[in-house]
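Next up, some structures in structure tokens.
Across the two complexes that follow, chain A remains constant while its partner is chain B and subsequently chain C.
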Partner chain A sequence: MSEIVATNQTILVVGGGISGMTAALEAAECGKQVILLEKNPSLGGRVSQLYRYFPKMCHPTCGVEINYRRIKANRNLRVITMAEVASVSGDEGNYQVKVKISPRYVNENCTACGECSKAVEAEFDDEYNYGLGKRKGAYLPYAMAYPQRYVIDPRILGSDDAGKAKAACKYDAIDLEQQEQEVDLNVGAIIWATGWRPYDAAKIQPYGYDRIANVITSVEFERMADPYGPTGGKILRPSDGKEAKDIAFIQCAGSRDRNHLKHCSRICCMASLKQTHYVREKYGDDGKATIYYIDIRAIDRIDDFHRKVKEDPNVTFVKSKVASIVEDKATGNPVLRGVNTEGYHRYENPHDLVVLAVGMEPSVPADQFPADVTINEEGFIEPTSQGAIFAAGCSSDALDVNRAVQSATASALRAIQVVNRVAGMEG
Partner chain B sequence: MSNLNTQMIEKYRNSFLREVEANVEEGEWVKMCMQCGVCSGSCPFGPHWEHPPQEIFMMIRAGKRDDVLTSDSMWMCTSCYNCIVRCPRGLPITHIMHGLAHYAHRLGLAPKENPTHKFAIKFWDNLTRTGRVNELKLGLALYFMNGFSEGIKTSLKMKDIGLGMWKTKRLSPMEIVGGHKCKDVSGLHKILAKAREIEESKAQKFSG
Partner chain C sequence: MSDEMKIGAYICKGCGIGDRLNTQQMATIAEREAKANVVREHDYLCNADGVAMIQKDIDEEGVNRVAIIACSRRAKTEAFNFDGVAVIRGNIREGVIWVRPDTEEAQETTQEMAEDYTRMAVFEARYQTPPKPSGQAGRNPHLLVVGGGISGMTAAIEAAKAGYQVTLVEKEAELGGTAGKLFKRVPNAHPFKDPMDTGVEALKAAIEADDRITVHTSSTITKTSGAPGRFSVDITRESGETITENVGAIIQASGFKPYDANNLPELGYGKSPDVVTQIELEALAKAANGGPIKRPSDGKEVESVVFVQCAGQRSDKEGHLPYCSGFCCNASIKQAMYFKDANPNVDTVVLYTDLRTPGAGGEDFYRAGQEKGVIFTKGTVSEVETGGGLKVKFKDLILDEDTEAQPDLVVLATGTVPNSGVDIEEVPQNEPGEWESDPNSVLNLAYRQGKDLPLLKHGFNDSHFICFPYETRRTGIYTAGPVRRPMDIQQAIEDATGAALKSIQAIENAAQGRAAHPRSGDLSYPSFRKEGCTQCKRCTVECPFGAIDEDEERYPQFNESRCRRCGTCMGACPVRVISFENYSVDSVGQQIKNIEIPDEFDEKPRILVLACENDAYPALDMAAMKGIEYSAFARVIPVRCLGSVNTIWVTDALNTGYDGVVLMGCQKGENYQCHFVKGSEMAHYRMSKVDDTLEQLNLEKERVETYEVAITDVERAPKLINDMAETIEKIGMSPFKF
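Moving on, here comes the complex of A and B:
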């Protein structure tokens, strides 16, 4: 790996999702030196795993591609993948950051031809598809991955597969001797954009995510709807592979709940409203969607979207927090039990498939932040007036993409102010 | 503020909610309910009672004092705690239900013929007499709760169990005269009288 140059006028961005990429690009395009770290083998983050955006129903791949082109075109921006921050010390204008870089076992010679993947036999759960499908032990994280470079899963090292992959490569790109590296960076400001992860649905015991095959999460449903996803864009029941045409969406699955996440995750209502479009897109008038909700929180201009979905005769709204789900053994249908609070009607409704609109929690647990930041009781980073570590996107709060990008741009400006001050002091 | 506004505020200034907050154990939680319905859906007795918890909470806020206090709903609670476990706001729903039942009884509004209410009174009277539960007397009182002939029938049905308990020294027939008691019965009665006095003085301003 070539030398990484960083000075106290460099801005470090931690996390290469939509927020991190935005913050890094905004700063780099202002002429600042930026280093962007990403833990995974590719940039893109959770946005790259979405099928469509609300409210315009356009494809995130489009915006992600624009960002990748901007990154490629910018000489001020250095991207380091498979890198994690181990520790941060120092203060505003002069931080020392230890970065741990995991080996990819594939060097820059890689042309992404895919011969290594064909040669390898071992398969593992595909993280990109939330484990719904399998991928090979030598793989490209996803079709649009940036950088376009394969990865060797460390679990095949020492097996025949590793040798097969190496033999299949025509470009001498596979280097099984690569080691973990530790790099010390001196930077002036840090933008923290480590994002979110879906709340562990198995913890919501009455909904049986861990027991009932046809109870899935909203992020998994997103992968199912994608034509490049594990089911080729078909909405299939995990239990028997049949098409699911009668789909229930359960809101606040883990959010607004003192037993789980106390906060409202903000995106889930809109995500489910958006996903009712997928049902209509796949099945037309044959598809049925039912949304079980406490109250729909579609705020400001996106309430128009909510109203349009309400006009769809194939979408039913039930004002109720579902009490429990049991499986009908004969059909595999999840049966939802609860009380419709509009009239106190008790129901016991079978559906083909249940989608839990799971909440957002910060990716980094509150007690594992390597940097000195103030964490609120929901686990998000609080803005403080001290230091120059700025949270961007979902590490600062539960945000949709639109608001995450706004937050990222704001944090880029704060970081630029810091390095400008440093430059001023150094004359 | 205009006069009309003030009138509307007065109209909606709900005295029953404040009454519940002041006099019902855990009653100050009622306003925290967000009407999600998970308690009603989780209640194993749900289909059998008139108003499930979340409906009771809405009725309290709507000022339906008589409907709430004369309802048999709170008396149907079996304390399974499903609602408490699942409530996203952490309301102690089971305890509120018992608090409401107790308050309705104190005001004399509880449904007279409800079996849980009747048994609760028998249990309390039995316990407070000596400071110890007299199981023999309590059991017999329960058997004869619905009349003499039913009492005889139930007693005969249960006699083998009673004899079995006697043989294994779980039940003494001597309990029928007096029975065992706590060390300072009159002291206990003084405590209970004082507690009642405090409770009643608190409830005074809402009675009627």
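Moving on, here comes the complex of A and C:
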């Protein structure tokens, strides 16, 4: 790896999802020096795992492609993948950041020709598909991954596969001797854009995510709907591979609940409304969706999307916090029990498949934060935080993509204010 | 470096290219036919040695046009990043060997494909000049903020903190906007329990104390002309006195006006003074200043209050707002707390259909309301009767029954209407040289396409993008706050800070002649051959960004810092006088003309594919990565936007013996995905007229197809090419082969 140049006029961005990419690019396109760290082998984050965006039903990869193009064209921006912040010390205008870089075992020589992947036999759960499918031990994280460079899974080191991968590469790109590196960076300001992770659905005991095969999460459903996902775009039941045509969406699965996440995750209502379109897209009039909700939060300009879904005769809305799910052993159907609070009717409804609209949890737990920032009870960084560490996107709040991008753009300015001050002082 | 053109063609043999193709033959073609000055093959062009070889030719041989004949332009971009020269990519990996079977029968046509891409790369290089900035705009680190509410004040302060000068214009006598009329605001930090100070006075004080910010109150904008880096703005006071300021960028934070509750007589508004809107309740709360709130009719202390959510909102009824204003649920909770905090015995009921309190603090605040005793009832209000005391008739959706309440006061949560100026689709612009300002306009732009930013959905000024929310259709002018979508104070602050960044970026880009998003950094800009121009105005009208004006002789003025470099003007020009240094009618046209067209009897048709570089082209790349094959007869040329496609390319192709043409652009219409907003739409429109040309040539109209292709159409995009190959098989070869 070539030398990383950083000074106290450099802006460090931690996290390469949509917020981190945006913050880094917006600052770099103002002429600032920026280093972007991503812990995974590719940039892209959660949005790269979505099939479509609400409300336009367009594809996230379209915007991601533009951002990758901006990154490739910008020399003010240095991207370092497989990198995590170990510690941060110092103060506004002068931070020392220790960065741990994990070995990829593939260097810059890689042309992404794919021969190593063909040579390797071992397969592992595919993180990109939330473990719903398999990938090789030498792999490109996803088709559009950036950097467009393969990765060797450390689990094949020392096996025949490692040797096969190395032998298959004609470009001397595979370096099995790579070691973990630690790099010290001096930077002026830090943008924290580590994003969110889906709340662990298994913790919601009554919903049986860990016991009932046909209960899945909303993020898994995104992968399932994607033609390049693990099912080739077919909506199938995990238990028996049958087409799932009658689907229940359970809102606030883990959100707005003192036992789990006490905040509302903002995006889940719109996400489920969007996902009813997937059911339509695949099954037409045969597809049925039922949304179990407390309040439908289709906020601001996009409420018309909500009203359009309401007009769809194949989509039913039930105001209810589902009490429990049991599995009908004979059919494999999850059966939902609860009370429809509009009129107080008990129900016991079987469906082919249940999708839990799981909430957004900040990726970095408050007690593991490597830097000194104010974190609220929900785990998000507060806007009143002191110093020059600025939250962007879902590390600041539960946000949709549009708002995350706005937040990231704002954080870029806050960081620029600091490095401009430093530059002014140093004349 | 001398100006003499010197083309270097570099053919890579890596990634199996050398095994599959006769690269020596390609090199001969590059040298003898396409006349490249330096031609080299390399086993592995993107490694340090390959890159050094090219750099050496640039340094020592004076090569200034570098044609890399290797992988897709999307791969190894950083490796082939050479300073001061034009770099062209011929795609023979994703574009040839990865989409063709490795069989003996396929070998000949695959080789022909690669040879054509070699010719195309060298000819593209020949019609390129490395772009240089025009120098039309200098650096002007001064920005204008229109609107002195919380969004405008925040934008001004944040930009000033980064070292920029700001002129802030407010039409009212005082700064503060809507937030200035509030008693308190919804909390923005833990524990999210109590209403907090609005922060307006602190912002006003910060502006007062900052000598980088100049404020003009009781003033409006009567004319805005120029472009990023060199805007000229007339600011007119109430007295009529006008001053002119030169600014580099503009933030429009013109906010909203409250929805007119007079449209809601069924809810009692206008019939009883005790039916008020949220903003009117703020005035009552301000007057009470923490004490008991009194009702307007008789000054009695309010003992019971009902809040009606979504009043005239989220409704398709005539005169209602179709959207949700986003902040009203939290605002009603806050206002219920005004009553409860002064006197816990006041009955406060919020009637709602969906309570919307998203994000980190929203639920905490909702719970705090419940803890303070605010009652939340899911119900829909049918009527508020005003004769002899108020009677709120509603259906309780939980108990499933019709019922009523008789409060002292009713508060209607009526939502917001954006102050977005005039609708430029409705209000015509003045002719050049005949300026008249419009009192209803916010910016009074002297732009040919109209005085304000285009409206998108529901009257808001916005970009309609999810990924790039700041990209309005007027470069260097950014909207902030509730003029672009409904939002609360916290979001308006974030939004305004982001808009301040974009303005600063626009200033720095303009100073260097760099394009704004999405072709960030592009230095090329359109120019035109005046003697050929017929003043038809097509470029002016079709530019998606309103960048082009007309001078007094009615020739186009391109205002390059307003230009986004999509090339829609170039596509529009019927006499083909518009070009960019690195993208022109010739840079594409010569590629089309210089491939080899086999004899009619060879049964080897040629299909020209013009693919949007943002979506369709990556889709074809990804198809290649997945090993999806397509016809060896296709020749794919990426274009900046389908809007840049000039119909001459299509007619030239057909005239020179191509058998079919496939155009691939992005989705158009309301949910457009075109990164240049209207480019794809314009292209579809123009291609609908191509039928006449085909008829004149006596060709079947199936020979030209225009499609909307998404970046995820990884299987469909190759299929569309194959469909054309099949069509040609059915209708036969073009008779125009010479």
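Keep in mind that, in the parts below, the second predicted complex is superposed on the first by the 426 of 427 C-alpha atoms of A that agree within 3 Å, B and C clash if a C-alpha of one lies under 4 Å from a C-alpha of the other, contacts with A are read in each partner's own complex, and residues count from 1 in each chain.
Definition applied: contacts are C-beta pairs under 8 Å (C-beta built on N, C-alpha and C of every residue); 3 or more make two chains touch, one makes a residue touch a chain.
In this text the structure is predicted, and so the values were computed from the model without any measurement.
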Touched partner set for A:Asp397, first chain B, second chain C, both or neither: second
Contacts of A:Gly241 with chain B and chain C, given as first, second, both or neither: neither
More chain A residues in contact - chain B or chain C: C
Partner chain(s) touched by A:Asn340 [first = chain B, second = chain C, both, neither]: first
Which superposed partner A:Ile296 touches (first chain B, second chain C, both, neither): second
First, second, both or neither for A:Ser324, with chain B first and chain C second: first
Contacts of A:Pro206 with chain B and chain C, given as first, second, both or neither: first
Partner chain(s) touched by A:Arg256 [first = chain B, second = chain C, both, neither]: both
Doubly contacted chain A residues - partners chain C and chain B: 256, 319, 341, 344
Of all residues in chain B, those that touch chain A in their complex: 34-38, 40-42, 46-47, 51-52, 54-55, 85-90
Residues of chain A that touch chain B when the two form their complex: 206, 252, 256-259, 294, 319-324, 337-341, 344, 346
Residues of chain C defined as touching chain A within the complex: 14-16, 44, 46-47, 71, 74-78, 81, 158-159, 161-163, 188-191, 314, 316, 322-326, 352, 354-364, 378, 397-400, 457-458, 460, 462, 464-470, 485-487, 490-491, 494-495, 497-502, 504-505, 508-509, 517-518, 520-521, 614-615, 618, 622, 625-626, 666-667, 671, 673, 675, 710-712, 714-715
For the chain A and chain C complex, residues of the former touching the latter: 18, 25-26, 29-31, 53, 56-67, 69-70, 72-75, 109, 111-114, 143-144, 148, 170-171, 227-228, 256, 262-266, 295-304, 307, 319, 341-344, 376-378, 380, 382-384, 397-399, 401-403, 405-410, 412-414, 416-417, 420, 424
